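Paired with chain B in one complex and with chain C in the other, chain A is shared by the two complexes that follow.
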Partner chain A sequence: MEIQTPSLPSDRVALPNQGIWRRLPTLGMAIGVVGLLLTGLLGKGHPADALHSYLVAFLFFLSLGLGGLFFVVIQFLVRAGWSVTIRRLAEHVMATLPLFALLFIPIALGIHEIYHWTHADAVAHDPILQHKAPYLDAGLFHLRAIVYFVIWSAIGLYYWRTSRRQDEIGEASITRRLQNLSPLAIILYGLSQTLAAFDWLMSLDPHWFSTIFGVYFFAGSVVGILAVLILLALSLQRAGALHELVTWEHYHDLGKLLFGFTVFWAYIAFSQFMLIWYANIPEETEFFAARWNTGWKSTSIALALGHFVLPFFVLLLRDVKRQRLGLMVVSIWLLAMHYLDLYWLVMPNLHHDGPALALADVTSLIGVGGLFLAVLTRLMAKGALVPMKDPRLAESLLFENA
Partner chain B sequence: MAEAQSTLEVSEPVDLDPIERRPDLIEGNPSFHDITEAVARPLEWKAPLGWYLFLAFSLSLLGLLGVSLAWLIWEGTGIWGNNVPVAWGWPIVNFVFWVGIGHAGTLISAVLFLFRQRWRTSINRTAEAMTLFAVACALIFPAIHTGRPWLDYWMFPVPNQMSLWPQFRSPLMWDIFAVNIYGTVSLIFWYLGLIPDLATMRDRSTTVLKQRIYGLFSLGWRGSHRQWLHYERAYLLLAGLATPLVLSVHSVVSFDFATSQLPGWHTTIFPPYFVAGAIFSGLAMVITLMVICRVVFKMEHIVNMLHFDRMAKLILATGTIVGYAYATEFFVAWYSGNIYEFFAFKNRALGPFAWAYWTMITCNVVIPQVFWFKKARRSIAVLFVVSIFVNIGMWFERFVIVVTSLHRDFMPSSWDYFTPTFWDIATFLGSFGLFFTLFTLFVRFVPMVAIAEVKGVLPQAHVHHHNPIVHGSQGGRGQ
Partner chain C sequence: MSKQPWGILAEFHTPEQLWKACERVRDAGFTHWDAHTPFPIHGLERAMGLKRSWVSMVVLVLGLGGAAAGMGLQWWASTQAYPLVVSGKPLFSWPAFVPIMFECGVMGGAAGAFLGFLGLSKLPQHHHPLFNSKRFERFSDDRFFLSIESTDPEFDPEGTAWLLRSQGADHVEVVEA
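What follows is the complex of A and B.
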């Protein structure tokens, strides 16, 4: 069945010619390669330092891709109408996921520098690690990583391709197919994302464990993608694209979701912290002891205030969610906090005494970020920025917050 | 973006979803007046014989509760099966069970309101009433679990002659506050939504007594624009306040267990896992009740298969989250390398209470899978049976958590099997007596569907109704 959708002016749905949007694919690639090379050089003497920095940057951008996957799939799962005009942006972010399979290679190669449980001599004297060996095994670790990337790339590329195909042929059946696949996609995503968080983050401290950890990583990544969607839409509109396609109504709803997931992140973080603090069992408290009884205390406080308290009060205001400056500042702020969150999860395993900012933190962020932006804008340059023939496009264009 | 003049030409019939042809929320294209008549009928007609029979049945169960509690107070907690090592038996199981049931009401009334799910209007009143009655049932257990209800005031920070102060470091104290706040906010929210409908009942009253009583509770509602403006604002604000309560209450309930150091109780996923389970069980109870009520009170067109279909999907979603939590717990119990933790879980699955564990898994994870099929989601028989199974499964979940973690604790010499006594069972059944009595009275004396809200989702509630080419109207259709 072909569907009638409003025709959108082509200049509004294409990547803008002005600004740096068209140059980003090459520029980002160049910056990214330089950043990664510099990180590699910095890691020559101290591979562990550079690899930890790289892991943070890798997880930061990967979490945006995963957040994008969640955002897209959940829209199809609940048959959302309001979000159609911003969904494509999330689809592009999600379609960068295969890039991270490539970017995982340094971690796969440097596993010995990052993960203590790969040290055979350490395992030999540690009954707990021996017990975990059937799971924390280098071969299985790599195999699982391959499975995760296959799942994410398959879902990401399939949804991206199929949604874009609808732009051309306008079949409503495409929407129906993506809706029908969404429950399976979200279950696969939930399981793989949880185990990936266990593998890549929780096992940094192989003795520590927390059942909520997968949800914690999930909550942060959704905060990340919502901030990215707001920033992408705002900056594309500044360059002239998406004019009247993404309205203040959409921003308002994105802002509400950003508020909601900021609170959800705090709820999960608090649950994890409070229960471990209260029961006070040494095998669990070591995680927070490493982040409180050390120079990391101020970072921990900054995270609680910056990732929750401050944005909570700011995002509570209706006006902030409906104006450019407010949304921009709070989105950039929350993205920075999301980075800090991952930094706070990873780095205390390397620098036990307190944060030690390194050049590799910056170069790896630029490196991974450059490649991420290059691939993202290359994807965005192909075809429309809005699902032109989505059957619910009109609903989204006319959508108003009640 | 915020231009005065739109340059986009959008003219689409948006009140029909192009994919699903979003169906009418209310079947049979009734008029406003038809809705009022349909909802007011059970309150104005002579009650059917079945209503009296069910009330008698409920009251006899309530009597059983009264006898059980009287005997408890006379004799003490020794009448229950609670004993070392299972010092926490059925009372806390029942408490968590009932608090959980309540959550669906708040989800439907507050969370779905914020998410603009307009189908909620047909079921929110009943679901919220269910919440209140479930909270009432839940509160019995903290009040009586010591067997000395005359000391309940110790739970509140009341200045007293002994200078005793509640132990605020105890999660059991947090429970008292969490559940009481929850009950209070739910009551206010429910009552606020009732005001316009109570005024309707007042205006339709045929006797002075009814008119006075409905008139008193409708607080002088006249339905003016100004009143509606205040009403809508208050409703939105209360929905915003009630939404975090959906998460907080059962999270605090989960703290009762998770702050301890007991294997099987202490695990960080408990708060969100309990919340998902609570919504899961509550939705099942809503289905159980609505399946019957809609037939008895002839509201099949207002509470129709569309509503059941969506509640069944929510059951599937929350059931999947619960299944995820079961799996994560089990995996991390092994992964932790803590032999006591892993023992607790092996003991659940293979120990003396394996029958309870597998009952829980079957009812909560396996059986709801039928809701993947649309036919099952739209079959009254399947819905009813599955909802009962989910209720059973969620009761067993709490039983498994409480009893299996306790009956084999750190000291094997004190290991024991737990058996409930007659009075355990009688008290639990009796709590259903309270629930059903309140519910039976509710359907007779309070409009069980939000009349004003349902009218708002009828197609004719929207000015552009007759024009299929609409600008900006969301129409009166689904979602």
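What follows is the complex of A and C.
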């Protein structure tokens, strides 16, 4: 069935010609390659240091892609109408996921520098690691990584392509097909991202385990994607695109979701902490001991205040969610906090005494970020920024907060 | 001398007419008035020039108050009233108290939303002068009403009735107190 949707002027749905948008595909690529080369050079003497920095940057941008995948699939799963005009932006972020398969190569090659459990001599003297050896195995680690990237790339590219195909042929059946596939996609996503968080983050400290850890990583990644969607839409509108397509009603809802997931992150972080604190079993408490009885204590406090307490009260205010400057500041702040969160998860395994900022932190962030932005804007330049033939487009345009 | 009436009630056939009438009444500077519709009309609060509700503020205060009370109760119980060492932890082991603090905060917030809404809406009331009007019954069926109270500084029996008629009201009546 062909569907009738409001017709949108092409200048409002295309990537803006002014500003940096059209230059980012090449500019981002150049900056990214330079950043990665510099990180590689810095890693010549101390590969472990540079690889840990790189892991943080890699996980930061990967989590945005995964957050985008969650956002898109959940919209189809619940048949959301309000979010249609911002969904395509998340689809583009999600479609960057195959890039991370490529960016995973340094980690796959440097596995020995990052993950203690890959050292056969260490495992030989460690009953706990021997016990975990069937899972923490280098070969299986690589195999699982391949499976994760296949799942994420398949879901990401399929949804991206199919949604864009609807722009051309305007078939309502496409929406139905993506809806029907969404339960399967969300289950595959949930399982794979949980195991990926176990493999790449939790196994940094192979003695420690926390079954809620996958949810913790998920909560942070959704905070990240919501902040990114707000910033993308605000900056695209400043450059003249999406005029009257993304309204303050949409921003208000994104702000509410950002508030909700900030609280959810804190809820999960506290749930993880409280149970471990209460039981007080050494093999569990070591994670928090390493971040509290050391120079990491102030970072832990900063994370609790900056990732939860402060944004909680700021995002409570209705005006902040309906105002350009307020939303921008909160979104940038929470992205920074999301980075700090991953830094706080990874780095105490390298620098046991306290935070030690390194140049590689910056170069790897620029490197991965440059490539991420290059691919993202390259995808955005192809076709419309809004699903123009989505059956719920009219509903989204008229959306109002009750 | 006859008793001062409660106010004036105007009946409209469509939400559009009511919407325009609300804007007109708002712009004329009336303050003691209300609109009555069978279903919520998005944005009517803007046409009526309503200010933001205080309910959210009540929720915030009672929510934070509930959380503080929940934590305070546990502090008092476990350090003052009945100090008991549990699993070798300090008497005031705040992480263990957070879930109950959170629940008390939620309860305070929910109570604030419920009671705040009732209080600010001046509910419950056993009677309202508008029920003196037989036609008003259709506000919950298929008609759209606008009522202006005689206590409004701008109120004037004839002028106000004329204003409402000029906005397309089918029927304008005086409601007795």
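Assume the second predicted complex is superposed on the first by the 402 of 402 C-alpha atoms of A that agree within 3 Å, B and C clash if a C-alpha of one lies under 4 Å from a C-alpha of the other, contacts with A are read in each partner's own complex, and residues count from 1 in each chain.
By definition in this document, a residue touches a chain if its C-beta (ideal position, glycine included) is under 8 Å from a C-beta of that chain, and two chains touch if they have at least 3 such contacts.
Remember, predicted model here, so these are calculated numbers, not experimental data.
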First, second, both or neither for A:278, with chain B first and chain C second: both
**Message:** With both complexes overlaid on chain A, does A:263 touch chain B (first), chain C (second), both or neither?
**Reply:** first
- Task: Quick one: classify A:105 as touching chain B (first), chain C (second), both or neither.
- Result: neither
After lining up the shared chain so the two structures overlap, which partner does A:400 touch, if you call chain B first and chain C second: first, second, both or neither? both
Touched partner set for A:325, first chain B, second chain C, both or neither: neither
Footprint intersection on chain A (chain B / chain C) at 274, 278, 280, 400, 402
Given the complex, residues on chain A that touch chain C span 270, 273-274, 277-278, 280, 316, 318, 400, 402
Residue positions on chain B within touch of chain A in the complex are 1-3, 6-12, 14, 17-20, 116, 244, 247, 251, 255, 258-261, 266-272, 320, 324-325, 328-329, 332, 335-338, 372, 471-474, 479
In the complex, the residues of chain C that touch chain A are 40, 42-43, 52, 56, 60, 87, 95-96, 98-99
Listed in rising order, chain A residues that touch chain B in their complex are 3-8, 79, 81, 127-128, 131-132, 135, 172, 175-176, 179, 183, 187, 190-191, 194, 198, 207, 209-215, 237, 243-248, 263, 267-268, 271-272, 274-276, 278-281, 283, 391-392, 394-395, 397-398, 400, 402
